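Going in written order, the chains are labelled A, B, C, D and E, and every chain counts its residues from 1.
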Amino acid sequence: MAQLFILSSISLLFIGLFGVLTRKNIVKILIALNIMETGINLLLVAFGYVENGIVPILTSNESIMNLTKMVDPVPQALVLTSIVIGLGTTAFSLALAIRYRYNHNSLSIRASEEEEGVNI
Amino acid sequence: MRDERSLFINIVALLILSVIGFYIYKVSMDTGKGIKITDNITPQMRVADRFMNKNVIKEESKYVWGGTAENTSANIVTSVVVDYRLFDTTLEVIVLFVTILGFGFVIPKDKRKIIKPTTILNRWAPILMILMLMIGGYMFVNGHLSPGGGFPAGAIISTAVLIGVLAGRKTLSQKTLKIIEAVAGISIFSLGIASFVITGNFFQNFILNDRIGDLFSAGLIPIFYGLIAFKVAAELSNIYFEFYEEC
Amino acid sequence: MNSIVFLIVIPLIAAFLSLFLGKNDKILAYIVTLFNIIFSILILFSGKIPFNVAIGGWRAPYGINYAVTDLTIFFLVLVNVAALLALTSVREIMEYQFYSFYFVLLSSTNGIVLTGDLFNFFLFIELSTFAVAGLISYKRDRLSTGAALKYLILSSTASIFSLAAIGLIYKTLGTLNFADIANKVNNLNEASLSLILILYISSLLVELKIFPFNMWVVKAYEASKTSVNLFIHGMLGTAGIYGVLRILLMVFSKETGKLTLSGNLSSILMLFAFVTVIIGEIGALTEKNMKKILAFSSMAQLGIVLFGISLGSFDALKGVLYIVISNYLAKFVMFLTVNEFSKVSGSTNYLDMKGLGRRYPVLAISFTISALSLMGIPFFAGFWGKISIIGNAVFSGKLELIGAVLILIASVIEGVYYLRISHTFFSQGHEREGRISRVYCLLPMILALVILFIGINPDSFENIISILLDEIKSPEKYIKLILSLK
Amino acid sequence: MVNRVYYLGLIIAFIMAFGSLWALLTDDLFKAIVVFGIVSLSSSVMFLLMQAPDVAITEAAIGSGITTALFIFTYKKLEDRKDER
Amino acid sequence: MVEIFIIPLVTAFLLAIFIRNKKVVWPLFLISNLYILLKLWTLFGKWEIEKTIYTNYELFGAKLSFTLSNNPLGWYFAFFSAVITLVISVFSLGFNQKTKENVAPIWMLIIFSNLGIFFAADWITFFMMWELMGWTSFFAITNGRDKALNEAKYYLVLSLLGASSMLIGIILLGALTGSFEIFASAYGLVQVFYSEKALSIAAIMLLLFAFFIKSAIFPFYMWPSKVYAVGPEDYITFMSSVMIKYGIYPIAMFIVPVVGSLDLPKILNTANWIQYFVGYLGAISAVLGTILAIFQTDMKKLFAYSSVANMGYILLGFASMNIVGFEGALFHAVNHMVLKAAIFLTLAAVIFRTGESEMHKLGGLVYRMPITFLTFLLGIIAAAGIPPLNGFGSKWMIIQALMSQKMIIFAIAMIFASTGAFMYLFRALASIFLGQLPDRFKDIKEVPLTMLIPMIIMMIGMLLIGVVPGVVMKPLTTALRAVGYNVNIASWTSLEGALKNSTIDLTLVFLIFLGGFVISAIMYILGNKSETVPQEDNYTGGEYPEEWGVNADRFNYSYSFYQPFKEMFEPLLEKISIDEFFASIGRNFEYMSATVQGLFRRGEGAVLLFSIGVLLLILGGWII
């Protein structure tokens, strides 16, 4: 089970990296980045996974007895943070992409920026 | 977006990926001594063990359901996020603040006409909004007991604002959002400073002696979560306003 | 000493306040920056260094901790002073977002230096990335939008890599604390460690402007205002160097305080370092835009820094610290000079600045002094770094020898383009209308005099450096300090 | 029981892999965005399978919901711009 | 001891403050130089004076210290260069009335580094002063004028390269011998030479590389002609007479004693390979400098190549490893200082009045500037090595030393170069001062008194040294004895030779030549008078070349004077075009620069390059 999780998240990571490397459209690159982020989040949680584990939430005295069966809560906490960071990155980059599109009339990452000269 | 070098770059990218993949495979198959990345290390061998046993301060201490502990949140993830590693979470809030600030700063503000919403949406919007607010409120209030917490709660609350915007109802002004955002942010740190004044430590959970499993337990955690939820909601609502408000 | 957190919290609160203050933001910025400087200097002289602060009362390997040691406080003062110096170049009225980004950058760079937790460090780096991206895009024109976007995409990719490394560290060692990692890193499998290091170092090198990772540098410098350049150089750059010193030398090092990375990683880093130096200097050779020249040059200087670190000897590390301080001061002088001159000449092309050195000799001489310091000419601070690094490289091995020779050749190229610029300042130019106030000449002059002072009297700086080196030499003290806290 | 969960995980993993590939390789931007939303949503199911309900809810609300919404807003804004010219 | 270092610094600072006020700057410059000279005079014989500054800076586990000591050989160089500097600074008083730029503060810094180089007792101090001299020269050469930028850059690159190689050499030396002190490291190097042969030779070669660059020895012979053509003339005088000796001093100080003490296998029973290496470079410089000087049309370039040739003679003197050759080389260094200063002062005077430095545009200036002419005449007689003046004695000593060491090839090269020197020197004299005065220079006058006095002093100096060589040889031999060489103190008028019965009395020689001069003067007075015709009739035959669109100056007899000779040597010169080689390196760097800039301007492949970096990190573990 843990292997499945890790492999699927690594495949997402690789597909995302492939997209970031090869796509020209900025929105596509951002989608690829998001896929990578999803992949890394899955990977982190998968690192904390325990075979046949249970949710790290206490519901009664029994679950306190079963602490050893719980999955690791720390990676989950980290992933909570990293999801929000991903949202922030996406929002900021999208705004920049819109501005980029307005300035360059193109969404291609290769849109030329030959603008030398007066620049204080 | 076709490009003449497209194929070349694809091949290069695949090559890079395959080398990285092969390297990771090789590392995982390594037979040297020491801890490997494929080794199964249970949470009991990590720092998480102390978090689950809630005995970071006093070793060997045990706790029971309905009793007190150093941290009385039933949801251990929440206790890590909002107590043991609270500083990370506040920074995360700041990250969202900065990015949304940048978003509002960078996005081009051009006049755009708003399509008139349908009557049904306009009529039903308040009900939906209240529903969303309630769900969100429930989430952050119960963040220490059940899954959820401040971030999704904030997202859901912000959906209420989104519905309002889509339905053409003026709910909040951007100025109000800014104030909510700043007040929530400042109060998070004010709580930190308050705990510094009271206990001498920053961001210490200084409300003690409540019991695990109660609604009003876990000390400051629900308060922090509430602040975070409002802050996130205000920030996300800002995004919708940027897209859908006439400027 | 728990109040050390105020260094981070006060700027963050100011960031929220700055949304409402409008034109008073500038005053707030000065107040907060001065607070940070005074506070860090008070800590420096409090006599309680080293100490360790546990946030929220959770002790070290479990909660987040802030450790203040000699190395920390040195870089802390550098970062905060840089903030104040850079702030003096903000003249015109800025929108409130500028100050919000500035406050976040201030707090995050302070945090990078203070923190003792890997994930916290990562968050601060992210925070500074976003703040810098916002500052780069401040002008919102063609150039700055593209530059900010590309910087953001690159650093997000890098952050994903470092997150993977953090996850692997947590999976294998079960901890996120610097000291705890340093304590346990010897238990790690060799191959696994090098995988983790590759993932983590490649993200660190983005901030450190090392060659294959630094495509953002030149565009970002070109597209942004001078004050933003100074923020990137003085605050983010300095904090990044601290991060590399701390993480490579004291956290992931298997031997005490040396860069002994597994799998020949240090040789590759050295290769990167001197390729960066060469690329930076060659790129600047025919460039006309002063900002780009300075961007290329700071790239090259950081290449020398990494070269010194990867040599793995304490003498070379001493040289690194000299180079750091020389680059820190010199780039301030240069950017401030360019800022003033470009305002008079109306362009950042250095050929348009002809003759300004005759009208404002103080600025031009300060520029020349800093250029000579960067070249590693005697009587200036950079020389003591260069001689130490080159001296240690010559006898370390073949690759090191090649690197030393290449760095010397690069410094020749650096001499050509910098002194050419100085000459242009001093040559006969036509009359111009703009004026530079004498007050603005004062700061570059003082900084240049500091460079000269360190160059003539290395003793003044040598004593500080020996304290820092003592700390790097014995990471077990750091581990003990943090892990013993109950 | 374990087997059933395992197969569910397998199916979701395939959905995610193919979805992300599709999102990257398709020429239609809107399709890519929608498919990405699906990938993100299925990843939140994956989180649920990993016994991480907190992360799952957050991913569903923020990673899948709001991020996708952001993409769609952007898409619409860019499309509007295209019409104007 | 310390005052002579503080005074230049303080003066440089004051000069920088008063830079716009010429009435203050140059007198101050003069006074400071006078003070330095007087102070140096009092330092003679007090060899034990020493000043050390200790630091806490550690290198290779030892704390660095900077020592300045009054070492005899350094004093010898410093004193005579101070004399020359003083004379030039008198000249500058008058020369700089017209110029807009002001080179004085930078020049004063160079004088500081000059003293530092000659008095440094350890390599670190030496290196610091050496580097200081390199970049200050850049600013002195450009002096704020754009036309000099390219040449100054060329000089800067060479001197920085030299300094870099010297840095590595010093580090090697320090690590090998465990000391940065010059004498201690020389002694140590001899000790460890046989055990660490490769490293020791590398250290010597790296140091020699730097010294050769500074003294314009063969592969680096291009910079004087470039730099002298564009630099400010009074500063160029200083450069050609004093600064070009910076490479000679450390060779005499360090390389010669070390190589002399080593027991290396000899080639053909005459000398070891290092001697041959240095000797061949010297011989090539001498011959090549002479040949190139013959072809120049710009007088400053001509004498720049003449300097290269003279540096070659000095190197040949060192290569002989014979005490007479060594003395001769050091003697020639001072002789060259004096005569080159005299010649360049006259050139500066000519340029001051006419503004021309191309020789075929000048001519007949003897009628207008007689004293300048006389100085120039004596200068070229000295440079050609004709007996009554000072160039003769030292060349004679060097040739004797080479003959006595059986280095026949070098002696032939030197005789060839000396003969060739007649060709270019005579030609310069004829084209600048003799012949007919062009119409445009009808109204020029002799230079003012402040510029005449230095020239007269130089004349007297050349004659004095030529007739009474003891003026230089006595301090030199005293200094050499103080350093530890086993030499006799020279007498006032006679020079010792290396061969048997070769001691000559130069005063006697002077008297013989005086007799010859009187006879020829009588012949000139009693001879036929010349007839004057319009100048251009001489070489255009009454035609007007301007009508064909050709500049009439090109038909002047001194344009392409040695054309047949040039055609003879053309193939040789094409093959050894070092200049083209350096230029191609520069072009390649500029091409690469454009590529790098393009890479960073686009910046779209940021993530691609990032992953390539990761790839390299991964592959590095397997490959390296």
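The rule is short, and it goes like this: contacts are C-beta pairs under 8 Å (C-beta built on N, C-alpha and C of every residue); 3 or more make two chains touch, one makes a residue touch a chain.
Everything quoted here is computed from the prediction, not taken from an experiment.
Chains making contact with chain A as well as with chain C: B, E.
Greatest centre-to-centre distance from chain C is found for E, with centres as Cα means. Chain centres defined as mean CA positions place C nearest to the mean of all protein CA atoms. Centroids built from CA atoms put chain E at 74 Å from chain B.
The distance from the centre of chain B to the centre of chain D, each centre being the mean of the chain's C-alpha atoms, comes to 19 Å.
Computed centre separation for the pair chain C/chain E is 44 angstrom, with centres defined by C-alpha atoms. The mean-CA centres of chain B and chain C are about 31 angstrom from one another, to the nearest whole unit. Shared interface positions of chain E, i.e. residues touching 2 or more other chains, are given as 601, 604, 607-608, 611-612, 614, 618. Contact with two or more other chains is made by residues 52-55, 58, 62, 66, 70, 77 of chain D.
Of all residues in chain A, those that touch two or more other chains are 17-18, 20-21, 23, 25, 28, 30, 37, 48, 55-57, 70-71, 74, 76, 78, 80-81, 83-85, 87-89, 91-92, 94, 96-99, 102, 107, 109-110, 113. Listed by label, the pairs of touching chains are A-B, A-C, A-D, A-E, B-C, B-D, B-E, C-E. Every residue of chain C that touches chain B in the complex is listed here, in rising order: 2-3, 5, 9, 12-13, 15-17, 19-20, 53-59, 61-64, 95, 97, 100-101, 104, 107, 111, 119-120, 123-124, 126-127, 130-131, 133-134, 137, 140, 145, 148, 168, 170-177, 180, 187-196. Listing the residues of chain B that touch chain A in their complex gives 1, 3, 6, 9-10, 12-14, 16-17, 20-21, 24, 40, 42-44, 46-48, 51-53, 63-65, 74-77, 79-81, 85, 88-89, 91-92, 95-96, 98-100, 102-108, 145-147, 149, 151, 212-213, 232, 239, 242.
Interface residues of chain E, counted against chain C in their complex, comprise 16, 55-60, 100, 124, 127-129, 131-132, 135, 138-139, 142, 144-146, 149, 152-153, 156-157, 160-161, 164-165, 167-168, 171-172, 174-175, 589-590, 592-594, 596-597, 599-601, 603-607, 609-610, 612-614, 616-618, 620-621, 624. Within the complex formed with chain B, the chain A residues making contact are 2, 10, 14, 17-18, 21-25, 28, 48, 50, 55-61, 63-64, 67-68, 70-74, 76-78, 80-81, 83-85, 87-89, 91-92, 94-96, 98-99, 102, 107-108, 110. In the complex of the two chains, the chain B residues touching chain D come out as 1, 75, 77-78, 112, 139, 147-149, 151-152, 155-156, 158-159, 162, 236, 239-240, 243-244.
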